[in-house]
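Per-chain numbering from 1; labels A, B, C and D assigned in written order.
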Amino acid sequence: MQPSLRHRLSVAVDPEMREDDGLSPFNRLVVSGILLLILVGVLETEVHVIRRFGGVLEMIKAALFVFFLVEYGLRLWVAPLNPRIRNVWHYAFSPSALLDLAVLVTLASPFLGLEATVFRLLQLLRILRLARLGRYSRGMNLLYDALRSRATELWLSMVMALSLMLAASTLLYIVEGEVQPEAFGSIPRALWWAVETLTTVGYGDVVPVTPLGRFLAALTALCGIGFIALPTGLLAGAFSDAMRQSREERRHRHD
Amino acid sequence: MQPSLRHRLSVAVDPEMREDDGLSPFNRLVVSGILLLILVGVLETEVHVIRRFGGVLEMIKAALFVFFLVEYGLRLWVAPLNPRIRNVWHYAFSPSALLDLAVLVTLASPFLGLEATVFRLLQLLRILRLARLGRYSRGMNLLYDALRSRATELWLSMVMALSLMLAASTLLYIVEGEVQPEAFGSIPRALWWAVETLTTVGYGDVVPVTPLGRFLAALTALCGIGFIALPTGLLAGAFSDAMRQSREERRHRHD
Amino acid sequence: MQPSLRHRLSVAVDPEMREDDGLSPFNRLVVSGILLLILVGVLETEVHVIRRFGGVLEMIKAALFVFFLVEYGLRLWVAPLNPRIRNVWHYAFSPSALLDLAVLVTLASPFLGLEATVFRLLQLLRILRLARLGRYSRGMNLLYDALRSRATELWLSMVMALSLMLAASTLLYIVEGEVQPEAFGSIPRALWWAVETLTTVGYGDVVPVTPLGRFLAALTALCGIGFIALPTGLLAGAFSDAMRQSREERRHRHD
Amino acid sequence: MQPSLRHRLSVAVDPEMREDDGLSPFNRLVVSGILLLILVGVLETEVHVIRRFGGVLEMIKAALFVFFLVEYGLRLWVAPLNPRIRNVWHYAFSPSALLDLAVLVTLASPFLGLEATVFRLLQLLRILRLARLGRYSRGMNLLYDALRSRATELWLSMVMALSLMLAASTLLYIVEGEVQPEAFGSIPRALWWAVETLTTVGYGDVVPVTPLGRFLAALTALCGIGFIALPTGLLAGAFSDAMRQSREERRHRHD
């Protein structure tokens, strides 16, 4: 017996119904649509782009609105075939479907006259959709397992980093606070410098000028190496172990 | 026979008396208190915050003072139940308890009229309390073991880094010393630039301008990659090995 | 029977015909020639160098033209001895040979009066020749295998990095957009800041000034640590595994 | 039979004659002397220090001169006891002994009236003495072996980094050369920016301003992550393997 159109659509639309690895051609299109959606959302905040390509952007948004409306309808229709979903309403009120709906409303918003600031915040929702990509891959689990296996150590290195950051900013507040009250006049202000330095970003908008301040800043910058090396080292070891384990498990299954 | 209140309190208050992993509910509260204490200490150095929320901060500090006074009293009372502690005085003069007492004095200091600079320095003591968190976790041992197993190599890479830093600052002192006497007029001055560059912080307050100076600076910046890669690589290998060893030991215990 | 001159030349010129590891003396010369060619290409864009050493550069370019013309001729002559190449025309129209020809035309271009901008773009072609070095080494395969074995995870960490970058720039566009319209007035503008910060480059030409903006920027900079640690950790584990595997394979071959 | 004074001195002075691990008490003193020597050399370039502590520095230098003269004499005396050294002259003309002699001359230079610039260059020689520390440790061999085991890959990643750097600077020279001729007017000038960006130092003295230039710079900065991740990953894997191998070898010796 041939599977019905609805069954075939379910396999194409719902990644959980698909047996093969990777994305179905339809979901590749969806991913491209999401990426285009985000690109449009980013570009339409720039006045120069709006002035030149405003019409084109509106057309793309209209097309994307139609595309995502069809996708939303299809997903509602095939959702009950997934044994994990009880009925259409169960799916319609899932966080994932509500996010999809919110994005559809955002896309239609220029016609509804939504205010600019709210619209700006809703851009973030569109970006969150990208996270849906993660669900498609087993690699995500590997990353997640590796992070979890070293959770205690990563947490501890974060606490050590925080302590270092507070110690550095307190010291520079004491040493440079009088000389540069605007930049080091309080610990929260000095923290801006400490984060800049320990992460090795170093914008250079706030820099110690006294010899003692520079000496302490140099020590802080050197500690910044460990600040990067510690989590990197932990993750490197974790990934190496996670990979070996997943390979051994696969070998056991073959035996 | 039911354990007495003092025994039950001892298990809740003293992490060494607790058999389970992790923190007791009481100690979770203590950790939150310490974090709040540090936050208040950081915020009250900022004039804008004092002006607006000065009263609230004083109230929080008063509440924290009472809380930590009670905690200090409880710890004194239950200390003798810990077989490692001889008597109350043995505990009271331990570095940990003295630090707790110092923090209590700091908290009461605004009423005592302690001078601002001394108070600023005592902020660091409060931050040091965070280190007490480390004792609660086995992860700390793993980090420590990993660092110790590569102590020689980490030490050597530090010596190599120091040599590189001195070589770079000497060269730039020779090349740029005449052109920018303020920034490169002596090796200690040039060292500020060398640390900035090798740690890849790069504030940009001090930058070579001659072609030869820039060529040497470029070489230094490229060496900075190795400067980060060497300790990171060492730590990564060390963590990977430490984890494997601890897992094998656990497996041996189970056999 | 002695191998003919053409056969001996083939072994010297074509790295695929050589049985030993490493480069033949002739190909070492070719590599030196390519490096000299790139150095000349880089230097002749600088007016100060042209003014002083213009004549010398032209002479070097003429010599390199003759050298690479001879090399091109030799490769054409011995190409058919390589069993993978059908005939001279098959080789002459291979991408590698066409690139060599293009470089020869570039070298002759000053005599032909090629325009400056086109010439500038063709510099890149010369640099691409360096990639030919990769073919000479087995190490390249190790690097490539290591990258491929973690392709999914590296891809995912790129997607996560992109999301983080977009989230950070959207937030700073909302928070700082009104205060600094030139730097944060649109998401594409804020993206320049986000890339600078997450990669820890931190030029400092664009820096948040509001307290909330700085708080978000500090969070972004701290996430930048993970931004570097994740791919580094993945690569470290991958290289470690690739090396072990290649060593085990070699051991199996010896048994 | 008691070993003679000369034999006992040989064990104390020559690290190759010592059977125990680590430095002899005498050589600990030598290392401290070298560090003090470098510190003095660094400090005496700063006018402010000379003005205040000039007399003290001269006294320290005189004391160090006497100390290193005695050490040099002792080493000459005990050198022939080392089976690797044929006679006193063989040792006296070894690079290590000549460097020691050069440092002695440098220390005596203020009395000889050596010119300032030559003196500055000789500071580097003193710093090179630190490298002698490496000989004292087995850790150095581990670092060296790890680096050598990945020599091909590290070399390749350097070539890839160079290509990337040249490609980035060529592109920015084409795009920004007209707008900022001082910073991007030639490829060597643009290289300064490329090194700054790829190493994530980011001084900010040279920054692209056109949208296309910034887009290319963002791509370059993102590639800079791989620029750091590749060698770090290689070293991490190499150190992990080198440690395991040295541990296995030690275990085999014990069996």
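By our rule, a residue touches a chain if its C-beta (ideal position, glycine included) is under 8 Å from a C-beta of that chain, and two chains touch if they have at least 3 such contacts.
Keep in mind it's a predicted model, so treat the numbers as computed, not measured.
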Subject >> A-B compared against A-D, more contacting pairs >> reply: A-B
Subject >> Reference subunit B; chain at largest CA-centroid distance >> reply: C
Original post:
On Cα atoms, by how many degrees is subunit C rotated relative to subunit D, nearest 5?
Top reply: 90
**OP:** Would you mind pulling out the distance in Å between where the CA atoms of subunit A average out and where those of subunit B do?
**Re:** 29
Original post:
Taking each chain's centre as its mean C-alpha position, how far apart are subunit A and subunit D in Å?
Top reply: 41
Subject >> subunit B: positions in contact with at least two other chains >> reply: 191, 196, 200-204, 228, 232-234, 236-238, 240-241
Original post:
Among line, ring, star, complete and other, which best matches the way these chains touch?
Top reply: complete
Subject >> Residue ranges of subunit C in contact with subunit A within the complex >> reply: 149-150, 152-153, 155-157, 159, 162-163, 166-167, 170-171, 173-174, 185-189, 191, 196-197, 200-204, 207, 211, 214, 218, 221-222, 224-226, 228-230, 232-234, 236-238, 240-241
**OP:** Report the residues of subunit A in contact with subunit C in the complex, numbered from low to high.
**Re:** 38, 41-43, 45-47, 49, 117, 120-121, 123-124, 127-128, 130-131, 133-134, 137-140, 142-143, 146, 188, 191-192, 195-196, 199-205, 227-228, 231-244
Subject >> subunit A partner contacts - residues on subunit D that touch it in the complex >> reply: 200-204, 232-233, 236-237, 240
